[in-house]
Structure formats: C-alpha cells, structure tokens
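Below you will find the structure I want to go over with you.
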C-alpha cells in the first residue's frame, strides 16, 4: 500500500500515526511545502514570547519520520491531483503515485486588498514559523505595531510581541474582540485585561488606506506604525481538491470517515470540513486538536481500519498573560452565568443537553463540560446543579462514576 | 471546670516539627478531638474527647502523633486508685450504672501466663512440622460410646453430626448490630477461607451472608432475635447462648438508635425499638427445660446440626456443665470472665465470673470423672490471646477455642473499650455508614486469615516440640503443662504439676 | 497493563492520597514519614490526584491513562505522549495552553506550581514501583491492578 500525504502539520502527523496503528508496512510519502521538521503552528506566538524555542516547538521528535518509516519531501509543492491516474504532480515536474491520498494543505492567511499597502515596509501575516521569524526580525523596542484583526491569531501575536515593542494597536471592524469564541461580556473581560497590559484597541474601525508607514483609518484617524500584522482570518486551501473535481464548500467536504467525495482521497485539518455535532452541520473547525483527530481517523481508514470522526465540536483553549479562556460548543439556548472580576462562566443548554460553555479565569477541569457536550450526555442523567457549580464527576450517578473510575467497566475504545 | 471535671486520662502529643497540617487526624476522628485552627495555621486537640483508639496515630503520614498517659494524678493510695475515684465522681454526677466495653481489665491472675509448655529432649524425639505431617484438624460433637452393628454384622454409622475445623480455632459470637456489616463480612469470609466457623451472635444473620452458611454458627439467645427456621438451617451448627463471660447473669441491651435499616430487618424487630435480651431464657429454668430447647432446635434442623450450649464461667460451672452434657447438647462452650462485650455494666464486667483456665480444668475433670466427656466437645473462649494460650487450653482439656477480641484486633481494634459509644473509628463496633466503610472486608478478611494461619503454624511448632503430631493427642494431655508461681490449690484445680516437679 | 482503580465504596476522604502524591512529586529523596514531614512542612500542596467530596460520598480522581487519550491527541506541542500505556508530560515542551484541560473528561490535568501542566504519571519517574497514592491508601480505595489489555 502506498500512502501519500500532502502537508506536514498536525493532520499529517495524525494521519501517519493513524496509518501506523493499522499498517506497519505500507510506504508513506509526506510532501511538505515548508522546509522544517513538523512543528506546531500555534506555538509561533509562544516562540516570540520566549516560552518555547525552535527545538521544543517541534511537534514530534527528530526521529519521528524514521521511526514511522516515512519519506518526506521538504520544500515541495503539489500542483495537481489526478484522481484517475492516482498520482499527484509536483512543482519540480515529477509525479508521485498513491493508493490512498491525504490532503492536509491547511489554510492561508486572508489578506484583504488595502489601498497603498505595498508602500509600507514590514507588513506581515502570522501563520507560519517563517512569518513569525520575519516579523521578529523587524521588531525593535521602539516598534509601533498595528495588528489588523482582533481574533485568536491577532491577539496571540499581540501577546507574543508585547514585551519586545513599544506600542501595539489592535484594529478590528467588529465592535468586540474574539467574537468566534466569546460572547460580548467575555470579550469585554479579555479586552480590559489586554488593555491593562498596555494593548490599545480600535474597534468598529478599519484601515482604509496605507501611505508609507501611516495608516489612515475608516474613522479618519491616522496612525503611524513600524510594522503591520494582518490577521483578519484564514482561508482553507481547497484548490487542489476543487480542481480535481471534489466537492468543496468553505472547506473540502469530508464524510465521517474523513474521506472526500473523490475515490481514495481523504482530507483533514484546516483545509477540510467536519461534521459539528453541536449544530448538526459540516463546517471548518480550524483547530489543532481537531486537525490531529481528523488526520488520525483518515489514516486509520486509509489503512483499511474502521474509525469515525463523529464527535467533532468547536472548542478552544487560549490564554493571555496568565488569564485563561476555555470554551466549547455552540452558544445557544438558555444561559447560566456567573461573573466575578476576571472569573466568568457561562453555560448554554436546553433540551436536556449542554450545548456550549465559556470559562474565563477559573477554568479548572473544563474538560468535564466538554465531555458533556461531546457525548451529548442527557442532563437528566446527571446532577445539573452540581455541574453548574463547577465541573465535577460527583454530578454523575454512582453507576456512571463507577464506569468512569473503575476501568474494568469500560469498553476498550472508551475515550 | 467544676466538681464534675475529670482530667483526661490520655493526652495527644503532637510533634509540631513533623505535623504538616494535612488534617487526616481531624477527618479520621469521630470523637472530634482534632481541629485545624485556621488563624494559627496549626492543628489542635481536645484531649478530653480522646478515647485513645490510636486511629489518628496509625494514619498520621508523618508520624507526628502519639498518645500518652497523662501525668496528672489524684493523691492515690493502694486502696483509692485513680480509676476508683473517677468512677465515684461520674456516678455522683449521673446517678447511673457505669457502662464499659470489652473484657475485664482488672488485675486478677492470668493463669495462661503461669503455665508453661513442655518440650521433648533425647528420649521422646520432637517432630519437625516442616518435614512431618502435623494434624490440626479437629472435629466437634458427640462421640458414640460404642460400636453398633446391623444384623449382617456391618458397622452402623452412629456418629452424631460434627463440625470439622481445619485448626482448633473459631471466631466467637459477635452480633450484627454490635459490630458492623463489614466486620461480619470479614469474619464470614475468613472462616470460609480457613475452614473454620464464625458465630452470628444474637443479632440474626444478614441475608447477604447466608452464602457463608457452611462456616457459620447461628446463635439463639434469650431475646430470640432474628431466629426463624431458615436461619437455623442456614448455619452449620446452632448455639444456645445461656450466658456471656463478660457479663454473667446479665442480659443484653442494644439501644434503639442502633436498630436501623438492615439491623432491624435482620433482628426482626421494628426500627428504633430497643433490643433487650432478658437475663435468663424465660422458658429455661432447669436442665430439663434446656433439653427441650436443644431437642426443639434439633427437630427444627432435622438432626443434621450439632447444638452448642454456651455458658459463662461461674462458680459452680462444673456441675452446670455436667447437666448440659446430659441435655442432648453436642458441644459446651465456656466463656471466661475476660471475654469481650460491646457493652456491660462495669461492676458486673469487673467482678463477676471466674477465670476460664480454672473453669475449663474443672469442667473437663468433672465430665471425665462422670464418664460423660465423650457426650460433648468443649470449646473455651474469653481471653485467648495467642497460639500458646490455644495450646495450653487444649492440653487442659479443650477441644477448640473461641476467639473474638483477638479477631477484632486483627481488624484494627485497639481496645479503646469505647464500643458502647457507637463511634468506633475503626469501623468495627459502629453502624454509622461513614465509619463502617473504614473497614474494607477485602483487607479485614485477609488479616484474619493471616492471624489464624500464623497461630496454626505456631501450634504445630509447639506440638512438634512436645513430640505430638495431632490436636487429638494434645487434648487433655496435662502432663505437657507445668505451673509457675501457683499454690497447691490452684495446681490441684488445674490438674498440673508445678514446674520442676 | 496495570491500571489505577478507584472504588468510592472504600474511599474515606482522608486525603492521604493527595499528600502522598505531593510527597512523591516533591522531588525530595526518601520515603519515610520524616522525609514526608520535611518535604511538605508549611506547603500548600498541589497534588495530581484529587478527592471529590460531597456529604458522605468521596472518591479520588487522577489520570485514567485512557487508551484513546484526548489530551495526547489534542496537545498542541507534543508534550503529552503515551509511553508503555502511561501518559507522560514533557514539562520542557509544555507552554500552558490548557488545551489538555479543555479536553480531559476527568479533569485530571492541572497547572503545576511552576506553571506548566502536571498530571499523574503513575509515579514512574519517582519510585518505579507502585504509585504513592496506592501505597498510602489505608482502605484499598485506590488500587493498582493488572487489567490485561494493551501495553503500548
């Protein structure tokens, strides 16, 4: 069996480990656009912060490819997939045959057209290790930085560089930060926290024009900057599959076995969609844990195993200067809210299910909440009052607790 | 402080250098002795509440605790001891009968410790139990006096029902109610694994424990609690309890507060009602009456189970035993004055009854003299503390021994003698669920098995040393014993020579 | 594989497991009560096993070392791995992102005093033998039992 993987990040690694859990023999070829050993993209902000370094941010050990008997083609891009010939064409003109193919091409930063942006020096995106290193090179203690985009990437970038620069201004069209993971109360807690650390926010605003190192805002204000980081969002890299005739929506369509609409072609990670059980619809869940798990499911299935990715939910853990935010699920239904200083808790539920939650500050044991969402645990089977108070196994029945804590009672594949 | 104040007998000594404020002592003490003082960030203890059960000492992970006898003292003299004075203060305050638990603590002679065991030298070789077979198996029950044959000359099996013990040790009666469910489970499982017997006491048999019936002795006492046909037939033998060594002549009283849930159901009495066992059986005023009950129980169990009659060792015990041996009973159980109890009036516990060693010797002699020793087996209890006590008891004439206090010690009891408080920190003498769970039968039963196996090894060693290879050959073999520091009369009653003779 | 079994029926809520865990992971050398006193004197412990307690119910919770470990699959740094059936954490790699807290269904991963995350590693790095929580449990509420099954 000949496996080919396009991509070298979490989904690709998950796929390799998935394949090897079933098939120790087949050949695996990894085709990576980047030149580095597999590394964790979310760590680039921690790299700038000094919490990790290029060695420690390797996602797997140096001998990972060797141990898993993989051939890696670094710095090589796939230009075309030919499903009928079962081969991929490379940018060096060569082609590689496959029996099973994984497309884990990830996503690219979306760079909106801004008038005059090419006149500025030091304009960056913040997605890859190369991006981070390039940005770092430009920064000085006197740097004034504009970060366009108050989402996860933009704010992690802000945290990462704050201590190395003079000033950071975050500009976002939306009227609040982190709208993808927080409600407005949560947004305002995090915004205040970041402001207290010295980050300035201009919300409900945008850059209408750049003139050299001056940004002219929609509001008419003019801000001078030394570096500009564009972090307004990402776009799934779907072109290869689309051109090969596969179904593509916001991301590459995959079924529960992580297979695309094309024969023997699978897809995982930020480029693909998975079925979000909290809304009952497919969507792109661009998060490292999801990428790994999709990749693993794809790998197992590519190798002839049987595994479904049927527990996908949006979820996120992030922190800024020691204040942690954990959230999961969808924010609909009835709410239970507790707010006290920087501690914030909001549970979303109805119809006998927990749909989602947001925790800020006190986040201990949040995974118990996540499991209630992922397993769709009926709330009438637990003591919901206890769960509202804090995540705890005490909320389960004696029998369920025994199943959780006395492993003998569990089926082999229980997670 | 007032005229009522009695200085605590024990004090808690906490090594502050070792205490890490883990508060394990606080959580483990049902008497609420230990308390964490948040302002001072340190543990404190109220000695007054301490019963010296050693639970906190045992569980303290840094060995920061010990309990010491107070050095506070009255102006004692030989006649007015501190304890005597305190008891007067208590009674002057309460006007009540003093209650105590466990066995007689008073300094009466302990004859076991004044008897020594023989060993072979030169002429009668000793036996190495690791190389030679050594029989500890024991049968309890009536022995036929003659061989019977049918008309064809074949031997007729005229053997009465017997109890077969792998080793001559049994767990004596402790009722469910006086001790916990988990204590009972531990005893039942240990008896089953060891091939011996435990005894239900007068609290009935919990439905969960019928499965251990083959190793259970079911008791019928004066209150007849929990007695019904299935109960009688559930066990391997039936014991009629006439008396108890810790409180001869006295009935029992389990307060209504302890008659809850399963205890109430098992005893077959309403929840909350006091379980009062009368002092006498109201239908037994003579050996003939006893005979009636013995035969009724045999009838109820279809003559398949031996019947035991248990009496406290009292002054005329030999004559009473003689009567019991003629009542149809298969086994007589003698209970000495040091036997334990969950609650007894202090004066009774400390002043009534006689030492088991003397009672055993005189009963065995009396039955042999009257030619009725084979009518019954003799089981003695109430102070057996070691395998040496067992060997001495058998050489004095016992067929087997009953142990209870030693078994409780194996389960964690530290003889704080506060059973009557119902707050046993070791989960034994309590019905409080949070305390009962402290005794995990998985641990408890194994410790009981260990104890009895260890004793059995030692019994074999001692028998081997005497050149004896079976319990049967040791039984009543008083030549194997010598007394030390005993007077003529004591030696005469014990039927042994003095050391050196 | 040997596994930790927690049976709430026998848990007394004495919290000796928490203290033994803190002792085992205190970095102190030695196993005696005196060593423990030295290691934990005047310290607020932060154990990897924790008692949940309400009314008369109590039980200890620590890492279950799942066969399909969500924490390992979700770890963004690769700091969490499953080695010989034991889920280990490489504290050098951890960046405290809390993704493991987000996914662990037992709530058994928590920040250490040094910031990076900590979890039960079955004392493999401490004693090589029986986990301290098991050794110190006075009532066999926590047991370390061979349950068969996978070893990888």
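As written, the chain order gives the labels A, B and C, with residue 1 at the start of each chain.
We adopt the following convention: contacts are C-beta pairs under 8 Å (C-beta built on N, C-alpha and C of every residue); 3 or more make two chains touch, one makes a residue touch a chain.
If you're wondering where the values come from, they're calculated on a predicted model, not measured in any experiment.
Averaging Cα coordinates per chain and for the whole protein, the chain whose average falls nearest the overall one is C.
Counting C-beta pairs in contact, the pair that comes out ahead of the other among A-C and B-C is A-C. Our note on geometry: chain A versus chain B, Cα centroid distance of 70 Å, whole angstroms. For the pair chain A and chain C, the distance between mean C-alpha positions equals 29 Å. Annotation: 43 Å between the Cα-based centres of chain B and chain C.
Of all residues in chain C, those touching chain A in their complex are 3-8, 52-54, 57, 59, 61, 64, 66-70, 73-74, 76-78, 92-93, 95-107, 109-110, 147, 149. Interface residues of chain A facing chain C in the complex, by the touch rule stated above, are 10, 14, 40, 42-43, 46, 51-52, 56-61, 288-289, 292-293, 296, 315-319, 324, 326, 328, 363-368, 370-371, 386, 391-394, 398, 401-402, 404-408, 412-415. By the touch criterion given at the top, residues 9-16, 19-20, 23, 33-34, 36-37, 40-43, 56, 136, 138-141 of chain C touch chain B in their complex. Chain B contributes residues 17-20, 22-24, 27-28, 58-64, 433-434, 437-438, 440, 442-443 to its touches with chain C in the complex.
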